[in-house]
Every structure is written in C-alpha cells, then in structure tokens.
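Each structure below appears as structure tokens.
There are two complexes below, and they share chain A, which is joined by chain B in the first and by chain C in the second.
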Partner chain A sequence: MMTARSAGLVGCPNCGRVHDVPAPGRCQRCGWRLPGHAPDRSLQRVWAWLFAGLVVYIPANIYPMLRTNTFGRTTESTILEGVVDLLHHGSYGVALVVFVASIVIPIGKFFAIAYLAISVERREMMQVHARHRLFEVVEFIGRWSMIDVFVVAILAALVQLDFAATINPGIAAISFALSVAFTMLSAQSFDPKTIWLDGDMRPR
Partner chain B sequence: MSQSDQVHTSETSRSAAPRPGHLPPVEDLVACPTCDALYQLPDVPKGSRARCLRCHTVLTAPRDGAMTRIVMLAGTSVILMLAAIFFPFLELTAAGITQRSSIMDVVLVFADGPFVGLAIAVGALIVILPLARFLALIYVLAPMAFGWRPAREAVPVFRLAERMKPWSMAEIFIVGVAVALIKVAGLAHLSLGPAFWAFVALVLITAVKDTFMCRLTIWKTLEQRSQ
Partner chain C sequence: MTDQTPPLPEIDQPNRSALRNLSVVWLVPVLALAVALGIAWQAYSDRGTLIEIRFENGAGVTAGETTVRYRDVVIGTVEDVRFSPDLQTVIVEARVENEVLPFLDEDATFWVVRPEISTQGVSGLSTVVSGVFIEGAWDSRPEIATRSFDGRESPLFVLPGDEGRRITLNVSPGIQLQGGAPVTFRGIQVGRLEQPDLTEDGLSITVDAFIDAPHDQRITQATRFWDSSGFSVSFGADGLTLDVESLASLVTGGIEFDEVYSNGQPVEGDAVFEVYESEEAARASAFDVASIGEVPVAVEFSNYIRGLVPGTQVVMANDQIGEVTAVTVQSVEIADGSKQRLVVDLVLDPGRMGFPVGTGAEEVYEYLAEQVADGLRARLATAGLISSETRIEFAIDYDARPARFEVAADPYPVMPSVMVEQTNVNTTAEGVLERVAALPFEELLSQAIDTLASIEGLAGDPALRDVPEEVVALLTEARELVGGDETQAIPGEARAAVAELRGILAELREAGTIAALTSVIAQADEAMGPITEASAVLPEVMANLRALSETAAELEIEALITTANTVLASADAFISSEGMAEVPANLSASLVELEALVAELRAADVVGSLNTTLASTSAAAEELPALVERTDAVLTRINTLVGAYGARSAFMGETMDVLREITTAARSIAQLARAIERNPSSLITGR
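Let's look at the complex of A and B:
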C-alpha cells in the first residue's frame, strides 16, 4: 500500500490534503499542524493523559458518587454500590448498562489504550487490522462512560424534596467525570497512523 | 437515501520507487486521514461513498444539496435546544409535592459549593458544546449553501466544530435520563416534560445531519471558494 509518507509527500491528518515536501508547518487547506516539523510527542501525551485518568479513577471508585437522604437518614453509595442497588430493585437491564458504562468501559479502555501505545513501540503484536478496530472501538465507546455523571446530575437536580428525600452528588462524581475526560484526551492524542507504519513502504 | 457501499477509490500507481512527476499533482490526491494511504480520487458520484481500502475510513460521501440540508437541520437543532433549555424537562411527584425541573436546573443545582466545576462541565457537555457546534456549522456552511465566499475565519471555525464533536454528549444525556428515571422509580413518580421530547428530537436530527456531513467535500469547497 502506498502512503503519502512513502511517496515522499505529507498528508494532512485532519482533512487528507496532500502537500509536497518541504511541507508547510500547517495544512494549507484546514490549518492543522502537519507532522514532520517538531518531534512527535503524541505518544507521550497518550501516556500522560492515560496516567492522569487512572489516578483520578481510583478515588472515583472509593468515594461516594451519590448521597441520598430520605426522612433524615443519609446513605452514601459508590459506583459499584449504585449498581448493586439497581440489582436489588430488580432493574437488571439498567444495572447492566451502568455497570458496563462505569466499570467495564473505563477499565477496558485503560488496557486498550496502554496496549495500543505499547504495540507502537514493539511492533510484533496483534495484527494491524485488529489494532485499528480496537482503536475505533475505544474512540467510539469511551464517551459513553459519562452516563453515570449525568445520572447523578439529574437525580441531584430533581430530588430536592426537603424532608422527604434529597439526593446530592458525592465527590466521586467529579473524579469520575475527570477520569472519562482524561482518557478521552488520551485516545484523541493517539495517532492512528502509527498502527499502520509496519505495513507501509518506508521512504528511502 | 441511496447508499451504495461500493468503493470508488482508485489506488495510485503502485510503482516501487515513486518519482516526482510520476504522481499526479497533489491537488488530485487524497491521503487517508486515519492511515495515510494515498489515493487519486476522481469525482465521486453524489450519493455514493468512497472508503479507504485499508482501514475502511470513509474518505468522501458527497450528497446532493448536503450543505443546505445541514444548515437547515442545524437551525432546527438550535431551536429545539432553546426549547429544551427552558421548558420543563422532568416532573417529579413524591409525598404530595410536585417539582418541575428544566435542564437549566440540572446545570444550576451544583452552581454553588464544591460542585461548580461539575455544573460547568455538565452544562458544557449537554448544552453549550452541542449548541456551539450547530451555530459553527451554520456559520461555515450557510455561505457555502448559497454559493458565496466563505465567511471570515470559516476554516478555524469548522476545525473547532469538528473538535467539539466527541464532546457533545446530548445522546448520552438521554440515556442518563432513562437510568435516572428507573433509579428514582421507587422513591417518587417521574414524568417526562416537553423539553425531554425536544431533546430526543434534537439527538435524532443531529444523527441525520451527520450522515450528510462529508468532511472532504466541505474542506475542498472551503479551499476552492476562498481562492
């Protein structure tokens, strides 16, 4: 497969416009920063955001996400306890949605991004097509983790019935929202072209 | 909607050592934004899609009258969003008390105390960013739809609109509402207000609008018209 790179040209990572070498610093069509000028630090950014996301994900699971006060009695629940609560109420489908969005996707995403970043440095791992697929899935699905943050916001806004019931957000809502944002930034920093470099013809 | 999945791409010559002059001029080439594969894209017929042979990224999918439709759909979305902000979103009844909440209330509930940041984030993700994206698309594409020259700074505005896409989470918010409804089912009675349905309509329209978005066509048109 011939690529812009192997043809000695520079392709814009945003709009696909092809530039002759020496390429300008920014794409002539869309103004995107073209590769090849400054040293490429995208992989460092991937690791930095991923690490930040991991650090704030820990308190997100330890501290309460939701503080419910019914008739003077306060109960606090973490993300996992929220899922268990839903199971107790018999809402299995919703429990599954929250479990997948808040626990399976974030943890899966940490592994997937770390794996993609490592496999750029060590070439012999999974097939390029499978890796590309994985990257697409991570990019597509990562944002859906935000569901639980919205649930907390909606509940806290709605359930303010003085004595009868009040719901307030817990500190975990903030760290969880940050974790989702940081891992999204991590995935966005990843340059999908690095997945394909192996199959490309190298410029001489 | 005619959607032929047929691949209209033609790979450029596979000669082992590409020489300058052997390749067509760069204006006729497209590099896949995802994997950098090089294509010579002829005029792709309206209504069909060209995908990258290697990574299957959609390179171009031109549609008839796409610009006009995107502008109209984005305009509709703006109106629906304004309705969704101010009309009651959810109505809650418990222990004889009824409480109506608009999206504004959802955002403002955290506006004091340690959760200000969360309030700003939620407001940005469900209202400000989607709204900003609709307005940016109208600003960039309305002059294109009329065949005019691009508006001032159309290029950075469109780039920004593209950047905002993953952070506009209106559709995720809808799922959040559904989960919240079930969570309080035991505690109180919840019913959906008109703003909720405006919001659902907005999400559907956004999805339709995105099927008309061919980034390559828009970027090319912007480039040609600014010359």
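Let's look at the complex of A and C:
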C-alpha cells in the first residue's frame, strides 16, 4: 500500500494542499500547520493527557465516590467498595456494569493508549490495521466511561431527602470525571496518521 | 509509568532545545499531580491523631461510623474496635482532631452516649436512629497530653470544665440515691450527685456531689445535708404533717442542704458531709460539729429519771446548747441514812449559747451563776407530745428556792436543779384528768340541787302560794273597809262625832286616842319598809337564778340543768303568778290609800272642829272602839303578812348565800374554761 508519506508528500489537514516532504512548517496556501512536521508534539500531548488521567485516577479510587446519609448514618464508599457491596447484595449484573465501566474500561484505555503511543515509535509490534481498530475502539468507548459519573450526578441530584436519605458526590466523582476527560483528550490528541507513518507496510 | 519523552525527530530547526520542544499540555498532568498531592497531604495532615479508649463493652460502637464528640460537636471517628490482649476490655481506637489534642490529658474522660429515659428526662434520643456516639469531656487547661484513656460506663454528670465544688457525702444505707439526682438548696437545684459507691468497708455509701458555682459558697461548717427524697409523714403537736418534695427527687432521690446556723466557717479542702435522713435530724445535728468549745457542768437530781442517757439534749429556750455526757448514781449521806442521787454531767457549747468564738469556760460559768441567781434551774422536760424522749432544760423557775451555782464543786461546777414531775404525755393527760376530777362537781351539784329543791319546795309551798291571795284579800278588805259606806261615812260621822267630841274633849284627851292612832300609823309605816325591801330583792333573786341557769347551761351538766330548769320553771311560775306581780302595786296602792285615809283623818279639821263638836261626839264615841278594833285587825293582818315576809327574809338570805356560792363556783368553772381556752397547751404540758 502506498502512503503519502512514502511518496514523499504531505497533505494540509485544513485545505488539502499537497506539499513535498520535507514540507515547509505551514501550508503555503492557507498557513495551517502541516502534520508530520513535528510528530513528537502530538505524542507528547498524548502522553501528557494520559499521565494527567492516571494521576487523577488514583484519588478516584482511593476517595469515596458517594457519601450516603441515611437517618443520620453517613456511609462513604469508594468505587471498588461499591462494587463489593453490590456483589454482597446479589446485584451481580449491576456490579459487573459498574466494575467494567469504572475500572476495566479506564484501565484498559490507559493501557491501550500507552500501547498505541509506544507502538508509534516501535512499529514492529502490531499490524497497523489492528492498531487503528484499537484506536477507534478506544475513542468510541471513551465517553461511556462517564456512565459512573452520570449515575453519581443523577443520584446526588435526586436523592436529597434531608434526614431520611441524602447522597452527595465524593471527591472521587470529580477525580473520576477528570480522569475520563483526560484520557479522552489523550485519545483525541493521538494522531492516527502516525500509525501509518514511515510506510511501515508489511503485507499481511 | 516512566516519562518517556519521544525521541526528537529530525527537524530542520536544530537550534531548538529539548525543553522548548515540550508541549504545554504537560502542564496538565503536572498540575493534576500537584493538586492530587496537595489533597493527599491535606487529608493526611487533617486526619487527626489516633487515641485509644478502653471500655468494658463496645455496645453499639462501630468502626468507621461511631463519632467522637465534644460538647456535641463531632471531633473524630472511631477507626477500630478491638479487644485487649487478655480480652478483658474493648479498645476503641478513634481519630480525633488535632485541635483538641492538647486538652486530652489525665482528666479527660469518655463515655458512650446511649438513649436513656429516666426521671431526669430523656437523653440521647438521637442515638436511637443514628447509633451511639462517644462523648468526651475535659477541662480547658492543656496539660500533659496522653493518647490512652479509660472510658466510663456511665455518663459524667459533672463536666470537668464546670465551675463549682466537689464534696463527698456519707449516706446511711437507708437512703436511696441515684447518680444525677439533684442537690437542692431551698428547692432550687444547685448541684448534682454522681454515682453512689460503697465505702471500702462496705458499711456505708459515699457519693460525690458537685455544687455549681456560686452556690458552692454556701458550703460551710454550718451546712447540713439531708435526704429530700420521698415524702415524710410526721405527727406532732402541730398535727399531721405531710412533706413531699419534687417528683423527680421522689423517684431518684435527692439531697437538700441548708445552713443550720449562721456564720459557719468556710470548709477547706475535700469536705465530707453526712447526709441525714430528715431535715429535723439535720438541723438537730447542728451541735455535732458546731461546737466551738465544751464547757462541762454537772447537775444533780434527787431521784432517778428514766430515759436520761449520754447524748441527751440540753436545751435552753428550745435551742440545744449542750448534751449529756455521763449519768452516774451517787450515794450521799443524809441525816437518816443514805440517799441515792443522780449526777448528770453535761457539756455546754458556748457557741450555741450565743457566746462569741473564743469564749472561755469562766465566762460561761459567770453567766450561769448570774442566771442561777435570777432563778435559772436545770430541770427535766420531754421533747415533744408523743415522744418519751427526755431532755434537760435550763429554764427560769421563779418559785425555786434560792440556790447557788457551785463553781468550785468537784469535778465540775454544779447547776442547781428543780424537780418537775415528768411531764410526758401520759402524766400530763393524767394530771389534767385528775384536775378535772378534783373539781368539786358533786358538791357543787348537790348544793345546787339542794338549793333548787328548797326553792322548788318554797315555790311549791301552798302557804306561799296563798300569800298573794291573802295579800290581795287583805287589800280587798282594806279597800272595802276604806271604800265601805261606813268608812266613807266616817268623815261625816266624824264631823258629827267631832261635834259630839267637842263635848267630851277632855275625856278624849285623857283617853289619848289620837296619839294611839298616830302610833298605829307609824307602825304601819314601819311595816311598809320590809315589804318594799323584799319587793326590791325579788328581781335580784330572779337575776341570780337566771345567771345560775346560764352558768349551769354552760357546764352542760344534765342533772343540774334539768333540776334548775324545773326549779326555775316553778320559780318563774310562782314569781310570774298574777297575785305576786300585783303584790307590790296593790301594797303601794293600799298604803297610799291608807295614808290618804289617815291624812284625811288628820286633815279633816279634826283638831279644829274637835273643840266645836266635842259636845256632839258622845254618840260617835261609842263607835270609835269598833273602828279602832277594825283598824287593829287590819293592822294585825298586815303585821302577820309583814311577819311572814320577815320570816322569809331569813330564808331569802340563805338562798342568796347559796346562789352566791353557785355563782362563785360557776365563775371559777368559767375561769378554768377560759384559761384552757386561752392556753390549751397547758392541758398538755401541764404548765
């Protein structure tokens, strides 16, 4: 398969004007910054967002997600505690959903993005098509991680029954939301073109 | 995850440094890291310090949920509940805020607040739903902080920061008290009791009481505590008394206190007070500690007295001034052999007698000597109506024989005594009855009955009943005589007779008829006096009889009243009989008539015409003796009547005497009644 890069060409992402490689820093027609000029920057952003997401993911798991106040009793539960509680109560389905949405997907995303970022530099690890599919999955699934945050937000908004029952979001809810947002930004920052860079085109 | 900076690609601007190639986005994770670390640090520094509280049981204490509070503000949370290595205690580990940490010293205490419903009220109700919590209390002085505490099983009633004073009370086992029970001063709660506890020897109960400031100023040596719980029923001279304190103290028990005398010295240090069973006992105990000195005195009694034991009160004007210390019997030699006498040793407290602090024995003796000279004596008295409790009383006895206060006597100065019959209620009541019995009721009654019987006899005497009739008849006769034609004719006849008399004047002069007539009239005049006197006395008799009946009625003595009533009825019947009532009037009328007749006789120019009619009176002279005879008869009957009255006057004197006696007796009974009315206690006390 022939790529623009291998042909020594690069297209402007804005107007589509094709430049020769090595291209000028900017599009000669519209002045847009041409990709491939500094591919390291793109990867840097990926790593930075990923790192930020990881940092805030730690308190999201340590601190309580929900602060439930029932008849004067205050219960705080972290994400994992919530999952364990749900299991104890026999709600295996819900427990599974929460577990997948809150723990498996974010952690999977971290690994996936990290893998993609590394694989850009070491191209021999996976087929480009598979990597591209992985990227698409990560990007698609990213917003669904927010399901946990939505649940917390809805509960906190609805269950404000004063003394009988009150639910307030904990620090973890904010941290988790930030974590999801950061990983989404990280995925967004990833330039899928870099997967195809340098014409590493081994046939299947 | 390592920070792998991507390798720099070959670029056409090699002058760019690695640092400048870094994306600004890196600021985000750095910032996030900083924030996360910041939060972590804050959480770590804010999480407080772990303290250990040991409880006997951990009922309701849950790790992670149970809070630790101070003044009802959450200062921490229980983190762990575990056992001590020997499983004897429950160790609760709680993380408390660092803010309070410096105050958690030796005096800090913790207890578990549970819902409690008591007579003091409902407390800890919120813990029913929210679960128990651990309450802590400590004072406001930071001292050497510790991390390990012994928890209390029961709530602390007095918080360490409270201003006031802690005192210890000794309670006799009969008094029921509960922790938290109120300590009141004149009904106002000024403190609380803590949990009662047995003393080490197990014989009595000790309980700490905390008196809030500023009422703790009232705790002096004069302060006495007593059990105000329950109700007391007392029966005394004032009647039946029911005393109920507040309902709360009825159930949980309560302690009341007061100063039983003024100018109590402040109590220093840890004070221990006795709790008395009743207010009376507490007030009576004033002597126990109040003593500012003891002055020994002895009293001798000539006979043995029951109930006199060491500890017996010595009172003066109803205030205790001392107590008996010893009672000994001594044998003394007297003229005819030996005699037992009772020597009672007393101690007197000058403070209770009103002497200032520091008064020596000499001054007390001096005072007693003066008082003894004025009649102060020691005597025995009973403490109350029902009680047979004996006490020694110092009282002025004006009838006492002169005596001296023997200051020089050995071993103690001797106070003179007077014997008073033991005036307990039995002897007093007996004495009253004896005195009542000793009243000459029977004599009085028999005398009254006799008197009234004789009055009745007199009144019932037919002769006496005839008297008025006789008098009336007499007067009628007299009137008939006076109004009779013959009498009426007398003047005419007399005139004629005078004419006739003129002739026989000399004869007449010799006969002395006029003088005789005049003397007769004088006699009649004389006779009138007693009659008038008797008439004047009659109303007095009646008044006396009425007075008698009134006093007799007051006495309510049936026999007397009945007799008196019958007697008086008959006496009234007699007195109010028509004839009797008419007696004086008739008498006066007849006497007036008589007088008029005599005056007429006198004034009818008897003397003047005598001279002229002397000659013509010889005929009439024959009739004169008849006239004189009839006049004599009248006078005789008058005399008889007067004589009868005269005889009665002796009887009447007797009656009067008897009545006077009755009146006197009635008056003395009335006086006795009035005296009892004025001072009913004399009936009881015998004084």
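Simple rule for what comes next: the second predicted complex is superposed on the first by the 161 of 204 C-alpha atoms of A that agree within 3 Å, B and C clash if a C-alpha of one lies under 4 Å from a C-alpha of the other, contacts with A are read in each partner's own complex, and residues count from 1 in each chain.
Throughout what follows, a contact is a pair of C-beta atoms (placed from the backbone, for glycine too) under 8 Å apart; a residue touches a chain by one contact, two chains touch by 3 or more.
Predicted model only: the values in this text are computed from it and were never measured.
Engineer: Who contacts more of chain A, chain B or chain C?
Structural biologist: B
Engineer: When the two structures are overlaid on chain A, which partner does A:184 contact: first (chain B), second (chain C), both, or neither?
Structural biologist: A:184 contacts chain B only, not chain C.
Engineer: Applying the touch criterion given at the start, work out whether A:43 contacts chain B, chain C, both or neither, answering first, second, both or neither.
Structural biologist: So A:43 only meets chain C here.
Engineer: With the two structures laid over each other on chain A, which partner does A:54 touch: chain B (first), chain C (second), both, or neither?
Structural biologist: Touch partner of A:54: chain C, not chain B.
Engineer: Is A:192 touching the first partner chain B, the second partner chain C, both, or neither of them?
Structural biologist: After superposition on chain A, A:192 lies in contact with chain B alone.
Engineer: I'd like to know which partner A:78 touches here: chain B for first, chain C for second, both or neither.
Structural biologist: neither
Engineer: Which of the two partners, first being chain B and second being chain C, lies in contact with A:15: first, second, both, or neither?
Structural biologist: first
Engineer: Scan A:91 for contacts with chain B and chain C and give back first, second, both or neither.
Structural biologist: After superposition on chain A, A:91 lies in contact with chain B alone.
Engineer: Going by the contact rule set out at the top, does A:166 touch chain B (first), chain C (second), both, or neither?
Structural biologist: neither
Engineer: From the superposed pair, tell me which chain A residues show up as contacts to chain B and also as contacts to chain C.
Structural biologist: 171
Engineer: In the complex, go through chain C and note every residue touching chain A.
Structural biologist: 1, 3-9, 11-12, 21-23, 25-29, 31-33, 36, 39-40, 65, 126, 129-131
Engineer: Going by the contact rule at the top, pick out the chain B residues touching chain A in the complex.
Structural biologist: Against chain A, chain B makes touches at 11-14, 16-18, 20, 23, 26, 29-38, 53-55, 59, 90, 92, 94-95, 97, 99, 101, 105-107, 109-110, 114-115, 117-118, 121-122, 125-126, 155-156, 158-159, 162, 166-167, 169, 172-173, 175-180, 182-188, 190, 215-216, 219-220, 222-223.
Engineer: Mind listing the chain A positions that touch chain B in their complex?
Structural biologist: Within the complex, chain A contacts chain B at residues 1-9, 11-20, 28-32, 70, 82, 85-86, 89, 91, 94, 97-98, 132, 139, 143-144, 146-151, 153-162, 164-165, 169, 171, 173-174, 177, 181, 184, 188, 192-193, 195-196, 199-201, 204.
Engineer: Per the contact definition, I'd like the list of chain A residues that touch chain C in the complex.
Structural biologist: Chain A residues touching chain C: 22, 37-41, 43-45, 47-49, 51-52, 54-56, 58-59, 71-75, 114, 118, 120-121, 171, 175, 178, 182, 189.
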